[in-house]
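Two complexes follow with chain A in common, the first pairing it with chain B and the second with chain C.
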Partner chain A sequence: MCDANSVLPDSKSDQGTEPSGESKNQDVSKEDDEEDAVQHKSLHSSCSTIVDEAEQNDVVNVDMMTSDLPRDLENDFVAATTELENEDSVLDSEEWKAKEKHIFILSSSGKPVYSRHGSEDKLVTLFGVMQALVSFVQDSDDTLESIHFGNNVIVFQIRGPIVLVAVSKKNDSVLFLRNMLEYVYNQVVSVLTLRQVTTIFERRRNYDLRRLLTGSERLIDHLLTFYETEPSLFMNGLACIPMPSPQREAISSVIVSTCSKIKNLVFAVLVANNRLIALARKRKYSMCPSDLHLILNMVAASESFKTAESWTPICLPQFNANGFLHGHVSYLTEDCDACLLLLTVDQDIFFQLSEAKKKITEKLTKNNLVSVINDVLKKPPSSWVSLHYIGVSKIRHFIYKCKKSQNILSSPLTPPYDTTDESRKLFTKYQNLYSKMFESNPQLQVLFQESDEERVVCLIGEKFEVLAALEPVIKKQSALDLINKLCQWIQKEEDRFFITNVPYL
Partner chain B sequence: MKTIEGKVVVLGAQGVGKTSMVVRYIGKMFSHHISPTIGASFFTCNINKGDIRVKLQVWDTAGQERFRSMAPMYYRNANAALLVFDITHPPSFSSIKSWVKELQRNVEEPLILCVVGNKTDLESKRKISREEAEQYAQSIAASYFESSALNDSGIEEIFLCCAEGMITLSQDKLVKTLRVSPSNDRTENGRSERVNVSNHPSASDERPPLCC
Partner chain C sequence: MARDSSSKKRVDAKIVIVGSSGAGKTALMERFVYSKFTQVRVQTIGATYVSKEVFRGKESIHLSIWDTAGTERYRSMMKQYYRNAKGAIICYDITDKHSWDALRSWATEIRGNEPDCRLFICGTKKDIVDEGYAPPGVHSDCVKFYAEGLQAPSIVSSSKTGENVDALFSMVADELWEEVHQKPLKKDVVSLDKPVRRNCCYSA
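Now for the complex of A and B:
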């Protein structure tokens, strides 16, 4: 932790604090001999698993990598111990293999940190392989980015002493998986701060990071599901609870007027159901969508906030990766689902914030705004936007992002997308199209994807980005006309759906 | 009515049931699905003892190692510490010993210590005997309690002991962190002028986040 003033980043330089992922620590085998023995002896079995699968799929493309796997490592193979047999049983488990997506975190010396499925303890073998692949490529002054075989893709992210790996069997785009790993990395930083992560590994390269992350695995689990189901994460936008703007402004002004005398308060955030209700910020600082998503994730994953006021340290990596903000976290009232976070750089003003929170609740109750919030939260998301009412019922689903405010609006998942399976399929199409759009050079403005099920469109305008799914038979021009009509409607109703003006604290 | 206001800090390894204990006492309930505390939670409760009202400000801290470096923020100026361990989990018992050492090093004023062996509902899996724990408690001049947040047994006594301890402490002129007010007018309207928790920590209070 650093003192109050040094936590506030320079408003200009706060974006560039992360390492650029080009760690050149390649002498892994020289440092931790004991550890490496474990990794190497287990390499054989796991390599064969990967190769087996690769053979089935014929083509293996390894980005940024020209030679084969390090064969000489296999010579270090030592007879399997009982422990390793247990590991094999996880690797052989049909249930484990059937998972569509795996996420792993390891340290650059190959120590397991996290596995989304299965205990990372039982997967030491596999972590050894991942570490070997990464360090082998690093040996030739290169960075391993992804491996492709058939519909499978493995994406690697090396962030200083931490290696993150995503494995997907469902044709996810590299960009989507890379963003996902970025979120996971940010979650780790948010729990520990970058400074702490760096210091630990500088002192001991084979530190077991799980010691510090215990209890936080659920935050990562939750974040991954959040990322897969909530489009605002991969589109990097803020999703709000729709509300008439005079009421939203009334809520914000209660918060701002109550907190105006509190020094060092950086953000006041009111959230519910994974969405933003109101936001206020200190002048010069702004809340990045990815930081807000970490806050939403923490609130949604922590039942314990409901029982009492909490005084919670949280690092927001885009704001300042090296220091904690201290958050007074509490629900507005016992029967209200809106959670208020007052984030400060001063770790000693809990009681001041506690008083402020009491006053905010009092004022909101007096002005009937708590019941306004409760009423809004009671309405199902399906009632927020009616495509039929707008007159674009041939559009089945859409996601709209306003570029200026970074706000996102998406329509409810109605049939045929009302099942988890179908909505995931649609989101996969969206993210693939969206990634293609961003990888295109020069950037395209509109991209269509046709299939028997639907026509998916990605449109990037000067002020907005839209992803939409329409009925399959519709013509391109009429699809564009409908999307235009939709966008015009949203722009007219913007005040209700978006927070266009974030007041200063 | 005389009012005494004091600070209680709840310490112990993760998963021993600190939050469950406090929530059982203050919220009169128990949940199997409680999530780990992040940072610390703050509760208040009043205990009336004869013509004295004791207001407890309870800081329920997180047991995970990553919050260890923030503990001084919570035990600074505390008047009582509840040191909770899980009777089925020996490492959690060792952990309170290191907490005690840390408190002895860093807290200057007299501190009421209560050692609490939680989870007596798991008697069949007990690894730390009552005698062993009692003996240790005695050696550090602490009271020893056993409790079960699940069955709601033995918890009232712990908080009562804190309250009684504070009444005794309040007669000690050396104790400056307890707030004693003869009439209840000011405390009743919720105003608190205590500033000790708002003291700025000096840079030397900041310890490196890790001791590995």
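Now for the complex of A and C:
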């Protein structure tokens, strides 16, 4: 099931037969869910019993868990017992409980790896419960996928020796949460490589993965916020900085001409503000949106790239999950927010890349392109698209994905969506509708969701996918007309918003 | 690389800063190169490269400094960062016993792989102990004894106040300077016989 989903976003770009395949998979998962509903219910009750027990009697619970856990952990547990008061205080803390979403990572032996909120050290009991649930279902040759109660959803993903758990109180769709966990898993792989993860757990099932992940928690934290606030992640597309295409091509050609003689250079990526400015790739290789998002996340979460040139190992799971690429990472100039990454498989060519970067900066400066980039970056995103100007001001917000280039364009978050709360509410509606669309069989073309606040529309065409929020009173047909008008406008302006042609290195 | 041939007066030297995570390697580098200090630091990913020229009279040493990540996950790829290094500054946090233990394993590893690389021991965060915020985690006699056994100079510095940071790097520069000037013949032979590029990557 998980694999089906991991493939899902990419395969959307293939317009032909794939979607039906997906919806089949979705369908199976749905059937499974229904079949397992009873089991889930009973699981839920057993879950709450365990939690109750945990609350009533910590000692029993710790004993129960130690017996399950590897021997070399016993010392940790002595410490854990003394800290049980603290653990209680985390679990009882209103602030912790009030969080809308929790993400946990644990090893299949139940060892805590990561918790989004609260220190995972203080949540040992809870991790034990999660591990117990997963292995309880595994014992009957089944896989625990999700637990539903009220508006709450708990989604599980088991990836080899790693278990990922998402808990949401917002009635998020399973697909959305699964995708989120997929990203988190990819982030872990990106830091360690799949080979390293597998080997480590083959050697020692009870390995404490935190030892290798220290310092990467911030990458995961950052990624989760990124995922929740940036629709291109959920829709698995590339978001670009809008720019007239001759200028973008001029930038790309400077990069390509400078790097053309460097063997083993796989990707050259120029990014700013979580978006792509230019991209070049080695023939036969392409940059998957989800890999690019990991790069964007790393750049955004690492201030240190601003001070010096870095030589950074990064694994791009879709490109190759088992090995590192080596990235020369640096900002174009001190006063330019564009960060250039030259990614290679050769770990010995740092200085060659460093020279290349210098030349790229020189050429870009000489051709006035650095100031072009600076000017573009200075413009607020609100100036990129004007719904009023296009003549569709009844559309309040939209996200458009071009299926062929996998590029994404979204309109600025203007009132009433200019607050974090309101924009999150809207994104939740979007993702729910989008998930429903993909879970429908046969796949629907258009889906409306009405509420007092707005009318949300998801439209899937041959060439594009659109999510839009319109004024609440608007009629269905006029909503569709407006969206069509918008799509036509975007297709006409495509060159400015999208990177339709990725040059070869 | 090409600079070697263009200016004969200048000496290039690769320096690597290693040590356990959170020991203050990046802070040390930033204090030396940019004369600044940032209290809150995020972890280095991989390694960062900076260079700084240190003058000795009319001549200069071009220090290529690699500031590496201290986390365990990069341990397997550390070799590529310290390969061919002329000097390694091994840092430990003077308030943290664990980082001292890690220092010993770094020293052993680098000695084993790069026997010609000079080692320098640097205790960091001197200000924290000086101001009484935390007691020292390692006894200074212990450091002295170990450093002598290793024939490595040791120093305690503070990147926050800047104390001893320049002293450390000029100590490094002096040692490398001496080394270069003591064996001029040998260096000439090397650079004549082999393509210049080899200076950086032997395996290439």
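Just so we're on the same page, the second predicted complex is superposed on the first by the 423 of 505 C-alpha atoms of A that agree within 3 Å, B and C clash if a C-alpha of one lies under 4 Å from a C-alpha of the other, contacts with A are read in each partner's own complex, and residues count from 1 in each chain.
By our rule, a contact is a pair of C-beta atoms (placed from the backbone, for glycine too) under 8 Å apart; a residue touches a chain by one contact, two chains touch by 3 or more.
Model, not experiment: these values are computed from the prediction.
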First (chain B), second (chain C), both or neither touched by A:Trp96: neither
Which superposed partner A:Ser354 touches (first chain B, second chain C, both, neither): both
First, second, both or neither for A:Trp489, with chain B first and chain C second: neither
Chain B versus chain C as contact partner of A:Arg203, first or second or both or neither: first
Partner chain(s) touched by A:Trp384 [first = chain B, second = chain C, both, neither]: neither
Superposed model, chain A: greater residue contact from chain B or chain C: B
Chain A positions touched by chain B in one structure and by chain C in the second: 191-192, 196, 211-216, 218, 298, 301-304, 307-314, 326-327, 347-348, 350-351, 354
Chain A partner contacts - residues on chain B that touch it in the complex: 14, 19, 23, 27, 31, 33-43, 60, 62, 64-67, 69-70, 73, 190, 192, 197-201, 203, 206, 208-210, 212
Chain A residues touching chain B - in the complex, by the definition given at the top: 1-3, 191-192, 196, 199-200, 203-204, 207, 211-216, 218, 298, 301-304, 307-314, 326-327, 347-352, 354, 358
Chain C - residues contacting chain A, complex: 1, 21, 26, 29-30, 33-34, 41-50, 66-67, 69, 71-74, 77, 80-81, 200-201, 203-204
Partner chain C, residues of chain A touching it in the complex: 191-192, 196, 211-216, 218, 298, 301-304, 307-314, 324, 326-327, 347-348, 350-351, 354
